[in-house]
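Both complexes below contain chain A, partnered by chain B and then by chain C.
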Partner chain A sequence: MGADQGMILLKQKKGGVTMKRMLISIVAMIMVFTLAACGSNNNNNSSSSSSPSKEVVSEAPATTEAATPADEPITLKFFTALADRANGAGKVEQDIIDAYTKENPNIKIEVEALQDEPYKAKIKVYASTDAIPDIIQSWGQTSFIKPLIDNNMLLELNAGDFADNNFVPGAMDGFMQEGKVYGLPRSADFLVLYYNKKIFDDNSLSVPTTLPELLEVSKKLRAKGINPITTNAMEGWSLPIWFEYAAQRENGDFNKIDNVLKGQGTFSGDADFLAAAKDLQELAANKALADGFLTADYGTSRNLFGQGQAAMFVMGNWEAGMATDENFPEEVRKNIGAISYPTSDKGKATDVAVWFGGGYSVSKNSKHPEAAIAFLKYFFKPENWAKQVWQGGAGTPAQSFTDYLTGQESTLQKQLVDIFGSITSSSGTPMHDMGTDEFKTKVMEAHQKLFGKQVSPEDFLKELDAAVALLK
Partner chain B sequence: MKTTSPVLKLIQHVILWFVALIQIFPLVWLVNYSFLKSGDFFGKNILKWPAVFEWKNYNSAFTSGKVPHFMLNSLIITTVTILAAAILSLMLSYALTRMEWKLRKPTMAFILLGMIVPIHSTLLPNFILFDWLHIIDNPLSLILPYIAFSLPISMLIISGFVETIPRSIEESAVIDGSSIYGVIFRILLPITKPAIAAVCIMNFISWWNEFIMANTFLTSEKFKTLPFSIMKFAGQYSSNYGAQFAVMTMIALPTVIIYLMFTEQMSRGITAGAVKG
Partner chain C sequence: MHKLLSSRITIFWLVAPSLLLFLVMICLPIAMSGYYGMTNWRGVGSYDFIGLANYSKILFHDEVFWRSLWNALLLLAATLLIQHPIALLFSILVTNAGRFEKFFRTIFFIPAVISIVVTSKMWVSVFHPNFGMLNKLLDGVGLSALKQDWLGDPKLAIWCIIVVVMWQGFGYALLLYYAGLQGIPKDLYEAAELDGAGRVTLYTKVVIPLLTPMVRVAVVIAVTACLKQMETIFLMTNGGPANTTQFVGNYIYKTAFSSSLYGYGNAISVIFVIICLIITVIMNKLFSKDVGEF
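Coming up: the complex of A and B.
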């Protein structure tokens, strides 16, 4: 009995010890993480204090530090929507950042890169806590930039600082509000009609240059069992830009849509808009749109065209890289060409739907606004972004880049440069981006219904008017 | 029990095989496409035998996708989460099923209320709170909410199981001089192992792939988890789908292995708690 009790006591003690050990290890675990938190926190703070943290020291060679003692270590937070850092525009962006931090060892740039949608979701979280990173990607579109400006989150930039960067005239318009500049555009985007020359040649057809030809060619392609036109109708943002083309080809003026959005007139009741909507629906009625048109997202439609299963692809100039994309069969990629949208007697090929896409803004709460602006000046030096993005085939910069044409460009790139260089009138910011999120959704849905033949052209215009009513 | 006719049995088998194939198909599709070039995606065929196996996809997943780094992060975060959740829910279950105290029932209801809180509604408040506590971009900012979201359902399953255990075992332990912790960890823990295993596997599956919280609370590369690897291959417009599928195959692998290994234990653990209605 006594021995038994002793055993139990002993065991209990043992149990007590394991218990304690478990508790201690849990506490230790929590402490490790909390310490880690303090550690990383110190790093952030060190940017404002003069004592450099270990990490910064290890990155900055002692010699340069001695040479420029005035340079205090600065950490800039850089938040971008170019998630892929190893290819395309994301690589160019990262290369410039790396070059800059190499030249300026006291500056450390922490990059946070997310994909488009997660990016836009997270910027809202940041905005609600005043913790916006120093430099953020922004879009020169009311739907994105206006709430940030209105809530006093963005720093006003001095356009004169960037006079040497050769921005294309009007490129900053989207980033301006009440005459003040809040961002710098990165790229110039325009919608074109890509075509697969081989399909046209094989079927002895010629590439359409006018609207009637487009319809005619589509009918013939369809009769031969080939998908005529594809685009990313599922996401939907290419459709309103397409409609801007269609409307311009009917009324000869891109500004008329902008006027309606400003409250001058309506869509319904306008004979030209109605004719434009009818033109588009006629394409749909004659099966000019690829099978599964409305359920094709970006990747699907791009691959449909790239695999040679569709003859034409309505998409932006940034797809210049398709001509060299080894993911696609050679017979397709060697034969891709691009033209401006087919013309009418009112709209010419030099009237192009062009706008300025993504860019950068500086946070108003930034602790180092001068450093952020200095970096942007470096970034937009013509030999940096403009040259590298063009020569890398990753898009068209919003700056003059004629000095950097190499002569090595693909035929497709040359065709795109010709279109860009010949522009006589331009559409500006796409219509769906000129309002709130709700407006954008409604406009895109209306277009999807139009292309899907779910509404009549008249009702489509009414739906657009209903969307515009949301803006007031 | 009636003897079933062979015809009926055949039909049964055909239906079951059909269902099984539908269930397995996404995995086959995933592995298949991870060997294709991005340009081959969305083609005419649902499955496509690769002309050349694109091992490059896996290669880039490891290098530019940083899979090993992110996998280690995911592993640490999920392991800490499921261990803490298991210990806490076992202790909670004991307190809520065995101990007699005044606010026992309301407390239990309050914890179960956690099941109906949508994750998205907690993102912003948690971000503000963590920002204030300076644990943004820290594993704790994921581990804490993960544990919190694991607790209600884990506690429900384990306490269901605990209720089926005869009290006399604990009573004799107490008579023999065991403390409360002794009862929980030396008597209950071994008996509730199946339920705890089930809970751990369930939590593993739900947090291994978690993205929205990780996306909100992490900023630097240092602590990012596996789902971010997929994003590394997302271009501005179109993406490197082949590499993304390679990453997804590797993310799915541990889940599949664990599920295959423990599937029986898991269903046993969950149903055991449900016996006593």
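Coming up: the complex of A and C.
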């Protein structure tokens, strides 16, 4: 009996110790996990506050009279690639947002803005965690929008809702898949040749209008120690569009590149494509491109032109604001002009590489889709975006804007609107944006090598074909 | 207290947080990278399991990857053979600079204090073919023939990058050797002088051998820095022209985030981790020899 009792006591004691140990263990575990959780929270906070994205919260002063009890407060997340909120298109965007939240005090719009490349990287992070913000900037280009549509992440929009917004015919095409609309275009973009008239006048040269003249003028400028043409070859996206021009000027048809991408024919073996590649390489071989252009990013190349160090600048129409940019010396600002790419006997100045650039889409997961669409309707009212972006000289809207011509436009703006108004054939979406991101990288690298004279025109076309093969 | 600390369970729970963090933050991501490396994931949406296809493509067909690795080795060689001897020499000079010691110490360390973004962008401007200081300087001294498109020329660009990275890291290397020199007892110098050793003998036979522990630290830091190199490249050339200045870190970033080949990017990072482990093992073997006490 006594022994038994002793055993039981012992067992109890043992049990007590195990209990105690278990308790300690559990407490320790809880501490570890709460500590870890706190740590990760802190990390989140610090990373969001130190990240370079600019978070601007637009909130109207809460006027109790204006807000009826029925208006539940709604917060919309707005993710855009117009990172500069104080100038150009980004300012117009922010102004419209501010005006909207003022009119609708119950709506709060949280803006997150990043530059193009970081934007595209972050949208993938959002997509992979299924956390796409309510309204996002999207591009009506396969490389960007197709994966999002295919994975059911974008809300289908009703084109009828936006019938009053005067979109230019065909502007929504890039945002459509199987007849459904997934986005609204913001602007029409086209590539032009900007020139600095003063440099041409000072050296008694005339602005080139044909391809042979372009080469000739470039040689003469180079002989005088002036950089002829600059562009942002480090990022590389202007080069494939330039090649589209070069190819059109050889074969007279922008569609031929699109056909090759669809699998009809190849780049190599086509005499016109080869001639186009040779034209470009001849420019490069004659040093028509600014010194160091391959490592010049957007800002550097724009600056080179704006500071009067290069005579021409191959860039999109959205740079109309250069004519009023106070950072550039007045003698340059006042003398900037723009022409369509120089012509040949097959390609005219009215054949323009034009496409619809950025726009907006609504997330399928949005908690307030109606509010998001209501905002887009407001945004695209002709007197909002179309008028303000045009009059601000920040680009060419994808909506009809002839009502808003003021007559006060700079000469540069008038030249650009003339080019835009005279278009007879257009290139559509730039070739590098018509596939996956991998395709895009390969195409841009092939162009960088062509302009950098690291491949022959023949090999360049082979590299393009290899890139196209990735699409199948 | 001693009893508590000697308990295995206590020790286990004290180690657990950091062990857990290590597992969750380092081992788990690597394992997941290994898995994603076997898929054709493009960042958005579904993906297929494709086995070792990515890995074999990297090892046998990816020229850019090998070029990136080669560039890292080139940078490492330059760091060890050029930067470190100069840093050692300068640290000896600084130690003997008398009243200018503090002054020089500060001057040489300045590049290491300034943000990499600032110094990288500064060097981009220095190398700029038109308004860059380097070409202007060559013009000024009548050597216009030597003017180059420094960062745009595929043959030159990598060397320009190497110079910049060495310049950025010079301060740290100098500081390490300087600290090492401070740690050598003064009586050793006196003893050597009494034994009739000249300046050169003093340094080559006594001081530098005693610096070996510091050399090890410096070499390890140099190896990791060279392999990890990313920010200077990203800011200066982004690997261009035509990937001639590509480094593995930047290449992984470009593959995953610009080309959206997340599966492939993960595979590169896993292979890179393995290469780094191999290098670490080799370094440990080389450094296992002991220097002895002093």
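The rule is simple: the second predicted complex is superposed on the first by the 403 of 472 C-alpha atoms of A that agree within 3 Å, B and C clash if a C-alpha of one lies under 4 Å from a C-alpha of the other, contacts with A are read in each partner's own complex, and residues count from 1 in each chain.
In the analysis below, a contact is a pair of C-beta atoms (placed from the backbone, for glycine too) under 8 Å apart; a residue touches a chain by one contact, two chains touch by 3 or more.
Note that the structure is a prediction, hence the values are computed from the model and not measured.
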Which of chain B and chain C A:Pro212 touches, first, second, both or neither: neither
Touching partner for A:Ser128 - first (chain B), second (chain C), both, neither: both
Chain B or chain C, by number of chain A residues touched: B
First (chain B), second (chain C), both or neither touched by A:Asn87: first
Touched partner set for A:Gly263, first chain B, second chain C, both or neither: neither
Touching partner for A:Asn151 - first (chain B), second (chain C), both, neither: second
Touching partner for A:Met234 - first (chain B), second (chain C), both, neither: second
Contacts of A:Leu304 with chain B and chain C, given as first, second, both or neither: both
Residues of chain A at both interfaces, chain B in one complex, chain C in the other: 29, 36, 121, 128, 300, 304, 309
Sites on chain A touched by chain B in the complex: 5, 8-9, 12, 15-16, 18-19, 22, 26, 29-30, 33-34, 36-38, 40-41, 77, 81-90, 110, 112-116, 118, 121-122, 125, 128-129, 131, 298-300, 302-304, 306-307, 309, 316, 318-319, 325-329, 358
Contact footprint of chain A on chain B as seen in their complex: 37-44, 60, 64, 80, 84, 87, 123-124, 127-128, 131, 133-140, 143, 176-179, 181-182, 185-186, 215-216, 219-220, 231-242
Chain C-facing residues of chain A, complex: 21, 24-25, 28-29, 32, 35-36, 117, 120-121, 124, 127-128, 147-148, 150-151, 153, 227, 234, 290-295, 300, 304, 309, 436-438, 440-441, 445, 448-449, 452, 454
Footprint of chain A on chain C - complex, ascending: 9, 13, 16-17, 20-21, 24, 42-46, 124, 127-131, 149-152, 154, 157, 236-238, 240-243, 254, 257-261
